[in-house]
Amino acid sequence: MPLSWLVLIVLALAAAGYFVGRIRVLKLAGGDVRALHSLPVYYGANVALSAAVPALGVLLLWLLIQPSLIENTVSAMIAPEMIPEGSNLNLVMADVRRVADGLYTAVETGAMNMAQVDALQASADVRATLGELGVALGQDVRPEVLAAAKSYLVASGTGNTARMVVVLALSLTGLVLSMIRTKPDYRARNVVERAVLALLMAAASLAILTTVGIVLSMLFETINFFGLHSWKDFFFGTIWAPNFRGDSELSILPLLWGTLYISFIALLVAVPIGLFAAIYLSEYAGPKTRAFAKPLLEILAGIPTIVYGLFALLTVGPMLINLFGQTGALGVNWMSGATSVLTAGVVMGIMLIPFVSSLSDDIINAVPQAMRDGSLGLGATQSETIRQVVIPAALPGIVGAILLAASRAIGETMIVVMGAGAIAKFSLNPFESMTTITTRIVSQLTGDGDFSSPETLVAFALGLTLFVLTLGLNVLALYIVRKYREQYE
Amino acid sequence: MYDIAKMGTDVDQNTTKISARNVQVYYGDTHAIKDVNVEIGARSVTAFIGPSGCGKSTFLRCINRMNDTIDVCRVDGDILIDGEDIYDKRVDPVQLRAKVGMVFQKPNPFPKSIYDNIAYGPRIHGLAKNKADLDEIVEKSLRRGAIWNEVKDRLHAPGTGLSGGQQQRLCIARAIATEPEVLLMDEPCSALDPIATAQVEELIDELRNQFSVVIVTHSMQQAARVSQKTAFFHLGNLVEYGDTSQIFTNPQDERTESYITGRIG
Amino acid sequence: MTDVSQPNSAGTPQSSLHRLDARTKRRNAAESRFKFYGIVAILIGLLMLVTLLYTILSKGTGAFSQTFVTMQVELLESKLDKSGTRDLEKIKKVTTFGYAPLIKGAFEKSVLEHGIDTDLKTKDMAKILSKSAASQLRGYVIANPDKIGETIEFRFLANSRVDGYLKGRVSRESIANDKNITAAQLDFVDQLIAAGVLEKTFNIDFIIGADASDQRPEAAGIGVAMVGSLFMMLVVLALALPIGVAASIYLEEFAPKNWITDIIEVNISNLAAVPSIVFGILGLAVFINYMHLPQSAPLVGGLVLTLMTLPTIIISTRAALKAVPPSIRDAALGVGASKMQAVFHHVLPLAAPGILTGTIIGLAQALGETAPLLLIGMIGFIASNMPETIGEGLLSPNSAMPAQIYEWAKRADPAFYERAWGGIIILLIFLISMNTLAVILRRRFERRW
Amino acid sequence: RDQVQVAGSSTVLPYASIVAEAFGENFDFPTPVVESGGSSAGLKRFCEGVGENTIDVANASRKIKDKEIKACAEAGVTDIIEVRIGYDGIVFASDINGNGFEYTPSDWFLALSNEILVDGQMVANPNKTWADVNANFPAQALQAFIPGTKHGTREVFEDKVILAGCEATGAFDVLLASAEGDTDKAKHKAAEKACISLRTDGVSVDIDGDYTETLARIESNKDGIGVFGLAFYENNTDKLQVATMSGIVPSTESIATGEYPVSRPLYFYVKKAHIGVIPGLKEYAEFFVADEIAGPDGPLAEYGLVADPELADTQNAVADEAVLGSNM
Amino acid sequence: MYDIAKMGTDVDQNTTKISARNVQVYYGDTHAIKDVNVEIGARSVTAFIGPSGCGKSTFLRCINRMNDTIDVCRVDGDILIDGEDIYDKRVDPVQLRAKVGMVFQKPNPFPKSIYDNIAYGPRIHGLAKNKADLDEIVEKSLRRGAIWNEVKDRLHAPGTGLSGGQQQRLCIARAIATEPEVLLMDEPCSALDPIATAQVEELIDELRNQFSVVIVTHSMQQAARVSQKTAFFHLGNLVEYGDTSQIFTNPQDERTESYITGRIG
């Protein structure tokens, strides 16, 4: 029986259990809801959960465990001398699995029956037969592989039957047991609520799972990278110069510097503008202005970053050249190319304005009126109150908003690619081109180099390092917020 | 403890410090204060009493124009301090509030150090020439706020770390530090425990030697203990105003009597 | 008593309230300056917005109109169905290259009919049409084999140079070195305009059509990518909203305050800071390589974007839950509701507007995201048909609006550039509508209790 | 899955998309899906394994590397058909209204190299304008937009322009003489590396994006000279003028004959295991290299692909499904 | 109006409904309730009075385990209702709270219709067999909450649209709807105006015919008006507990006396 059917049957049992459980408990209580411990829906839900959860749980485990069990038995069939030169057991097993998969599909679609599969000989063109069914095999099938594949198929067939029996049995047992337990004084609500709580908890843990997934999906390639490239150069070198000829210098430091510098300039733009905008909106503006300006500013955060990239390239870069360039209005000749840390930083800053303004606005609004009253009552002007009382009180929240903006700045790609250029170097001059970690991740990953060369794999090391860095930043933020939070409460 | 008989001995209370004429306050369409006329004396404690929602706080906040901060609030009529109309166009509410200090119901120290809490007002008003000057003002205010002994060793600890009663005295000290002439207090003890309340009341009693104090309270006992004059508000009207002893022993108005005897409120 | 005139302290000499002292004046000036900075900050923000919107609009509106040529085409039996059997298999043997003579014929006829005087060869005339013209004809013939032999009126796209000429992007000077069009062809275009054969009109295919190859910018549309985005957003909405809300409820209402919740909390805010490309790496590793989901599928895109949006939704949902006054929880508990009931019956409905706002903002962010799609195969040339079922929409290859825009912005023909900006306009319309919805929700439900 | 799934080089993408579109129009098979993402990423996914959930074709703007073939084999991708579709011409172009240039590789070496040979000594590149580089050139400020290190074009640029210039100016010999290394090979490598290390003072700007970005840079800085693909240049003749290299004007013809030196081959790779399994895969590969498509008069050449003079061999190889390594 | 003398006529107040034995409550390290022993009678009104922060609310919330929702709160000792220990492991706090209703300081109707406000409790406890049954419960509760006449025509209007006093009576009706045996009220009138307060007090007086009512109040007048027994708390201690008339006229403890006479609090 296909997996989907099994799942559907269990779900159907659960659904049936829901109604039966409900009806049964009401009957036991003589139709009087008041005689029950919990509402009838909870009894129904309890039966449904007992029928579904253990069964599906076991099914999931089964799905995870069965393949490796079968793998072990079948791989025992492959004697070491059967493994061709230059190959290994894993590769042969991969072949076995593919053939078995193909045969399974063949049986499943009705193109063959088990007897025909048994009769199948390696001499017959297995590859062509399976190809017609849409199963791709890399090479012609050797006899020992076919034999192993057959036993693989048989084992998994047995396994699947056992799986079906066990799962259905569990589901039915759950159903019956919970029905027996269904009595008017059974604490159905408490049980169901515990189950719901477990669900909620699972949802919250997804964040951790994602983190684990991110780390794992980068870890192996990062390890490969460090196998090919010295970690000392990566962490402590000073030059970033990937090269097709290999033997590149790949140090994260110049990239980190660029990342920090550009983010810093972005924040230098976004924080004052955003903060002043937030102050004006929350402290001075009337409700109408606020209702109008706040969502308008928020649009800035929604514009795709590629548009900002083009904006940097076509508008802001040339404008800065017109100011600071050789023939510029200021006549200072500080800037030679339109791409610079300043260009990218300014444009990124514009994008970040709403991050700072909207969040800070909410936070400033949350400062208790009593603080303002206290200051105004002493004869402070509104701006004195804001500067000396409101902002300090809202500071932890504002720091949080700035950190969020900083995170965005660190993770931004398109604006840097188009606005800042692609040169990795240490320099204090904001009119020079630099580049950031994120853009290097994208470009090394999508470049033309050999995919197993350090020049490509470095993307994963960069990604993981950045991940660890931002994690540190967030721990710090949590610490700061914890330390200063509720000071005024 | 506080003796009502003590009142008569005060000198200044006949000099009018604040006088309100036909004051009306509206919150949008709500008429919160209806035609109030009152003369408040200098160097005395005046108590505003009345059931919840009768407009005590509203009227109090008119005196230093804190109502300006409420968008929907509109004030008609005149309030004169030292004969000058504070709702005159030429008056800067900021200057006014330096002259008319305020203490709020819930202690609201700034999330700063104790020192900075006190120094805040003098700093913004430029009352101190230098650091030493400022230190002196801080010490003097804390002393007058009757809290110096408790905090002198931790002037740089946060003001929010004090107990409720200490916080409220800190707020009083903070209000005094700018050398106001009038001190408005809106239920300053309602968030405090009995011991703290007693300390604050003692302090108020001292303050009246220098300031004109107006206090809103929901506790008639408190009014009786600390004030020389009492105003009874009801539904936005000033029902009765007179010497505290008289109001509590021999109220003229029926409503005042019901309130005092606990039949309303 | 003369109490009033007497200075009552050293610091503040008795002064009239009716005269501002110098210090107050200075402080008031500082006040005005401070307020002014606020106004300036807002104006800068709005100015940037206006500049950006102006840039986008001025560059992108052209994409919504297109130049068309209307002609009578005789579907010659001699070219399309030599056998005359109307056997579809045989008709299909004629490739698009075989349709060129029909188009040339149509031009010949047009020139005669409108009395146009030109030296141009019909082969060069046909070059003013889009390369999609032949496939348009072939598609029609295969769908209506019985029409072979008749003369049918067709509306063909003109090619991008001609379209550019009508839109002012291409001029006689600018084509000096251009081997795709000649001055003589432009003369011919002018004659066709005069004859009313060639005109520029609104182009619905840009909004509903599919992508076209690099040689046919005039035929490219964003419609299918729009549907791709739509399906991704459906996935995000269906997954991120319930999971995000469930996680927030746990963290805000039930989680004990201990190091485990701290770890979850730090994790969530850190995920908000992870560069989006990293989610692409994750998606490739987990959904495609490990779970064997199909490539280039909106389902996978949606899953990746779900993971990316979850932190945003969780953060704003927690804020919304926190804003529900505790008195409501007390009230429910007080009448004997369990904590779970209190949350699901009272807190959650009250937090709904805040949750929706957060969700919409998260969706908007997901809608504009490009980088992660690069790694799961949603960027490139994906000229699928409109999906017919939901399953197909989720699983068959598709692109997404920002990916399509990104791809167009890279292509060589400048006509694609205009389309990229046109695509941005459509994307922005989506974003602004979503933002407006968020604002309306916020306004409608704000502090109802 | 019923459509062919292609991924890889963004240089090949336009050609592949033209073919895919025509393929979808003329065959009953659905239009193949062609993803971009770079040669390396494409090959990586190609080598992920065989089966429906992997791609069938990888486009590449370079030849597959031995290491990659090995990685492929480890994942079970053994029989790979290599198809060369033609050449990508690489041209130097500047603003249409500016000065025109006639370059030699030496000019570029002298303009961009970190160190150049002056009086037998290697010194830090002192050149500021094109006139400093070559007296025949106008005194226009040096500003070059060259492909970033992720692009395959960069490798070609380094090999065929900078390195050639390095040798032509004699700098290479000087560097070789002073190079450190145990073997000749190591010395050679070190000298090459020194040759191609470019100045970082902003004269040479790496472009990590695409040619659109290079074009935008030139539009905002009229002095700039950019490196483009031939196809891109041909679509933007209204904004760009092309420079000659060693006296040859780049065109599909001059590159096909080998006169114009700077070009690179383009490929795609097909998984033989998928032929007969994924409908239309073989037809797609054959259609791609058919004369009417990839020939000198076909749409690909019209778009800017330099047709492969040996196209017939390729067609046969595809028809025979000849896999890599089979003729070795 | 309310006559203290009336008290003696009640029947049931000698039956013990709630008895607390050696109750201690800690908030983290703060010892908020210290060794309280008290027996509260059925069908009577018991008032808890005392200065702010003395632990009245804390103790009240122990009786229906609302303190469980505060993480840092820990309760020691036993509280028995009808002889059963409510802190026993087997007791489900949810069930307990259905039996021991609670009314809060600030009226907190759900932002739903008036009908749904009342029907919520009966619904989750399954008290009604059908819609008609539920309608009946709602009507009965609103009548007992003395608010039926004011709302009967707008049962489906939002509960939040009522005036403060109406809201509080709605909350009381809501608490009654689950048929509790004990009704806890934490300063139920502190947010209300005098007229609303009078209505609620009248209601409390009626309720004691059926419920055991425990009320926390900061107003001694109110305690005197509505309660039969009064408990005076001070700094976490139960200082004195006895008949209201006796506490107010003849307090045994010095602290009680100071409080009553207005010297503290």
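As written, the chains take the letters A, B, C, D and E, and residue 1 is the first residue of each chain.
Please note the rule applied: contacts are C-beta pairs under 8 Å (C-beta built on N, C-alpha and C of every residue); 3 or more make two chains touch, one makes a residue touch a chain.
Everything numeric in this text was worked out from a predicted model, so none of it was measured.
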Count of contact steps on the shortest path from subunit B to subunit C: 1
Chain pair showing more contacts of the two, C-D and A-C: A-C
Chain at maximum distance from subunit E, centres defined as averaged CA atoms: D
By mean Cα position, the chain sitting nearest the middle: A
Interchain centroid distance [CA atoms averaged], subunit A/subunit C, Å: 22
Centroid spacing, where centroids are CA-atom means, of subunit A and subunit E in whole angstrom: 50
Whole-Å separation of chain centres (CA-atom averages), subunit A against subunit D: 34
Distance between the centres, which are taken as Cα means, of subunit E and subunit C, whole angstrom: 59
Subunit A residues counted as touching two or more neighbouring chains: 189-190, 310, 314, 381, 384, 445-446
Residues of subunit D touching at least two other chains: 10, 37, 41, 209
For subunit B, residues that touch 2 or more chains besides their own: 94-96, 98-99, 124-125, 178
In the complex, subunit A residues that touch subunit E: 31-34, 36, 38-40, 187, 189-190
Complex contact set, residues of subunit D against subunit A: 9-10, 37-41, 43-44, 47, 49-52, 60-62, 65, 67-68, 71, 74, 76-79, 143, 148-152, 154-155, 158, 189, 192-193, 196-197, 200, 202, 205-209, 213, 216-217, 219-221, 271, 273-274, 276-278
Residue ranges of subunit C touching subunit D (in the complex, touch as defined): 92, 95-97, 131, 135, 138-139, 170, 174-180, 212-216, 288-289, 292-296, 374-375, 377-385, 397, 407, 409-414, 417
Sites on subunit A touched by subunit D in the complex: 91, 94-95, 98, 128, 131-132, 134-139, 241-245, 247, 310, 313-314, 317-318, 321, 336-339, 417-418, 421-423, 425, 432-433, 435, 439, 443-453, 455-456
List of subunit A residues in touch with subunit C within their complex: 189-190, 193, 196-197, 199-201, 203-208, 210-211, 213-214, 216-218, 272-277, 279-281, 283-284, 291, 293, 295-307, 310-311, 314-315, 350, 353-354, 357, 362, 381-384, 386-387, 404, 407-408, 410-414, 438, 441-442, 445-446, 460, 463, 466-467, 470-471, 473-475, 477-478
